[in-house]
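Quick one: structure below, then a few questions.
Naming follows writing order (A, B and C), and every chain is counted from residue 1.
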Amino acid sequence: MRLSADPTTDTVLKLVTVVVAMFAFVFVVMVPLYNVLCDALGINGKTSAQAYVAAPAAVDTERSVTVQFIATNNDSMPWEFRPQVTSMAVHPGAANDTVFFAANPTMQHMVAQAIPSVSPARAAEYFHKTECFCFNQQPLEGQSDTLMPLQFIVDQDLPKDIKTITLSYTLFDVTDRVSERIASR
Amino acid sequence: MSVVKRISNALAAVAVLPAVALGDNQVNMSPGVTSIGAEIYDLHMLIMIICVVIGIGVFGVMFYSIIYHRKSRGVVPSQFHESTKVEVAWTVVPFLILIGMAVPATSTLLEVYDNDDAELDILITGYQWKWKYEYLDENGENVSFFSNLATPQEEIYNTDQKGEHYLLEVDEPLVIPVNTKVRFLVTANDVIHSWWVPEIAVKRDAIPGFINETWTKVPEEGIYRGQCTELCGAYHGFMPVVVHAVSREEFDAWMGSKRADKAAQVAASAVDLSLDELMTRGESVYNSQCLACHGAQGEGGVGKAIAGSAIALGDVGAHLDVGIKGVAGTAMQAYGSQLSDVDMAAVITYQRNAFGNNTGDVIQPSDVVNHKQG
Amino acid sequence: MGDHHHGPAKGITRWLFTTNHKDIGTMYLWFSFAMFILGGTFAMIIRAELFQPGMQLVEPGFFNQMTTLHGLVMVFGAIMPSFVGLANWLIPMMIGAPDMALPRMNNWSFWILPPGFLMLASTLFMEGGAPAFGWTFYAPLSTTYAAPSVTFFIFAIHVLGASSIMGSINIIATVMNMRAPGMTYMKMPLFVWTWLITAFLLVAVMPVLAGAVTMMLMDIHFGTSFFSAAGGGDPVLFQHIFWFFGHPEVYIIILPAFGVVSQIIPAFSRKPLFGYASMVYATASIAFLSFIVWAHHMYTVGMPVAGELFFMYATMLIAVPTGVKVFNWITTMWRGALSFETPMLFCIGFLVLFTIGGFTGLMLSIAPVDFQYHDTYFVVAHFHYVMVAGAVFSMTAAVYYWLPKWSGRMYNETMGKVHFWISFIGFNITFFPQHFVGLAGMPRRIPDYALQFADFNMMSSIGAFIYGASQILFLYNVLATIIAGKKVTDEKVWDGAEGLEWTVPTPAPYHTFEVPPKLDPAHAHG
């Protein structure tokens, strides 16, 4: 295909197209593709940001998997944040409930976002959250606390050699981001 | 060793013989103490030896040519310039050698990734610029503490003789039992760090918001030292890792005393201390926690000056606020969870009464407890 | 082009408005040398601080600014523009073209460089200091935790990227459309081939770098979270994007060097290059592989094991075409009639040291072993063996080789040889011990180190000062040649040199090949 009668102009136009395409490639291909791959392969122990719709399946009562919970605060996040139960033994296929405790000791209203990460990373795709406080931001008035629910199912297809799954939440202070977004409206 | 002597040694080494320089310096990777470390070392040596052999062959041919095919010897240059057979040969042969390398590399890699069946889980969190270790407990009774560089500033700034473990010593090491599969869960609080101990062949990046895992099983008691290996800001070079591998009994005893410490700390928060006690303790807390950023005389640096600052001379509550909650968006972290209430009280008292800040304020541990509760 | 048949304009306007490929090439070369000295000065500060354990000269934060700027200036200011300068001078002469295809853009692509670097250097004087997050600028250290000067750093990268892209488009357009009749692709000199492939790499990956810094800019100023976990982003994504650019970038730096060596070794062996076609294919294979190996820089971030294996195998494969190239060069020398003028010495230095760097690269490709090498001085030693002994040595060889053609004057051969030996010895004293300290456990990018690393660091610093000083000799030799060197008039300055650039008068006139040359059809490639 020729873009111009002049061969030099033709070459230049084609190359400019490549440049523009590669710039766009970063935004419209690399970023979404990375996220898709992360979700699918559990790169970084990322889990899906959407609630899992449970398909009814048999509970494998023969097998028991330990699920550990970890809570960390990012940077200077002042909240108290911890799991109510630090680990539980679950059967693949069964629905499980637990809660995390969060308290805002400051005088101000704050908004937090919890980011989940699963280890080992290859367990991430078998760890389904049917309900999670991490799907939404968590606002909390100063000097108050709350219990945040988590409901999950460990998939029956979890590779047999995985006996422990660690679910870690990192709590980020997103108060500024939220107020900026309101201000910009 | 004096500087002059070291310079002359280095010069001698440069000038005379590389062997002189080698001396007792470590020149090769250490196999370390773990089985993975030994495998990695073997793999490293295998590939290095293959490279050396190929190198000797290639350079041998080249130097032969340089010596015997010189124009000054009056040789007439040959004009051959291609041979498909030769090209195919030196494509296929290296390829086969590479396959030979890939096989053992793959099996070692799979072992490194085998994190199953750990008996002890430790959460490692990288901070600018220290490590936090948290021993995960099934009953939620986690034991955690921070591990800071213990090398004094005087040694770093050359006003004092440097110790044997200069820059590789911490106030509180990670303690693990020997012959136990320990799983490390690695994450970070702010930027990316990397936790590395060469002797146990563990290196894993600590990434904020995400968790990584790796493991070790140390067969020998001993002290193993390492460092952060991912650039994490100004004091990246000053956050060492020290691991003490001890017997199971010693480990249990240590764990017991850690738990007792935790209880004692709570009790200590209720006891009032004198200004002198607070100042002495505050000075040591200041030197290990604050000095790097705020300066030896509270003159500031990465952080703001404390000497004569509005915060240190102003309202006690606001000062405690900064110490406990940190300042969002700056390198000033929330120390509320990092320091005990006694240490927090001591360091705030110290800051308000040192560097010419003569407020006379005495902050007691109970004040810190009350402040935290609002 | 009305001024085509005149000589150069007089005074400063000649340089400001020039569209002549030789003038622009000269400016690129001088600019890159100035950047080489600047980046070298940063390196001297680094080595002076590391001369002894303890903090002596600079603060840790400033040390990080030095390592960052040293890397950025050397990669984007010294090495890349120097090869663009070489391309400007030589590609038209090698393919029998009167000039570059897009002379006006050529002027622009040079003249946006100095302001770009001025912007980058000015960050040193800003509040919070210059960028201090390493030339790889990993998020979030380079976003949430960076000094305010990061915004200027981002704009500087955009400018440098634009310059590189414009330069590459020009080179591709020239090579594809301006070849003299009969100059088929497989008759082009290897330097032109390697640059053509390099230019395609640049066009493909510089926009990726631009994308990465644009995302940083948006994260910092516009509240997006590409690289921040808080908003659903991922700091590791930054590393993937950066190295998707960064690995091809490594070959962008080294491929033109391969081209230079492939011109010079045959000339001083008085024998045609062995395996011309296989050299072209090997270069293309290396370029292709460079797109699928990026994550070997990230073995420790916690990729799934399948990913580690894929990137390990792909990376190991690069050893094959690289080996082919080395074997071809050595076979070119085999049974030639060798002589050892300065350009040849630098090429042999390149061969030896680049091969060592290639071996350590192969060692680094082995993922499990890399857990011990990663981010240590072993890596620092490795990439200086391939970049300094690879790119810089070959660039130096190129200057000595073509300087007589450019200036019509011969450099001082004795001084050139002295320069080579001081460089070669200084380089090895600097970087060979870094293998040792790296294996012994010294992390990179640290301003101070444990006592067991002291001896080798001091040695390394001494070597660095020697290597640094040898560049002053180089500058002197080049200046002395241009001003008062012995005049040469032979078209073929070197008896073994082949190629169209050796058919024009010496010194090369302002305009060459206004009438396309007639190629000898029996003649193979240059």
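Basically, a contact is a pair of C-beta atoms (placed from the backbone, for glycine too) under 8 Å apart; a residue touches a chain by one contact, two chains touch by 3 or more.
Because the structure is a prediction, the values reported are computed rather than measured.
Summarising the inter-chain contacts, the pair of chains with the most C-beta pairs in contact is B-C. The greatest centre-to-centre distance from chain B, using averaged C-alpha positions, is reached by C.
Averaging C-alpha coordinates per chain places the centre of chain A 40 Å away from that of chain C.
Chain B has its Cα centroid 28 Å from the Cα centroid of chain A. Between the CA-based centres of chain B and chain C the separation comes to 33 Å, rounded to the whole angstrom.
Looking at chain B, one finds that residues 190, 207-210, 212-213 touch two or more other chains. Within chain A, the positions touching two or more other chains are listed as 44-46, 74, 115, 170, 172-173. In chain C, 229-230, 234, 236, 301-302, 305 are the positions where the chain touches two or more neighbouring chains simultaneously.
For chain A in complex with chain B, the touching residues are 44-46, 68, 70, 72-78, 83, 85-87, 105-107, 115, 117-120, 143, 161-164, 166, 168, 170, 172-173, 176.
Residues 52-56, 59-61, 64, 132-134, 138, 140-141, 144-145, 228-230, 234-236, 269-278, 300-302, 305, 308-309, 312-313, 316-317, 319-320, 323-324, 326-327, 330-340, 348, 351-352, 355-356, 359, 362-363, 366-369, 371-372, 374-376, 429, 433, 436, 439-441, 443-452, 454-456, 458-459, 462-463, 524 of chain C touch chain B in their complex. Chain C contributes residues 101-102, 165, 168-169, 172-173, 176-178, 203-208, 210-212, 215, 223, 226, 229-232, 234, 236-237, 240-241, 244, 301-305, 307 to its touches with chain A in the complex. Residues 3, 6-7, 9-11, 13-14, 21-23, 25-30, 36, 39-40, 43-44, 47-48, 51, 54-55, 58-59, 61-62, 65-66, 69-72, 75-83, 86-87, 90-91, 94-95, 98, 101-102, 105-106, 108-113, 128, 155-158, 162, 164-168, 190-192, 194, 196, 198, 201-205, 207-210, 212-213, 226-238, 301-302, 331 of chain B are the ones touching chain C in the complex. Residues of chain A touching chain C in their complex: 7-8, 11-12, 15-16, 18-20, 22-23, 25-27, 30-31, 34-35, 38, 41-46, 49, 74, 113, 115, 121-122, 170, 172-174, 177, 180-181.
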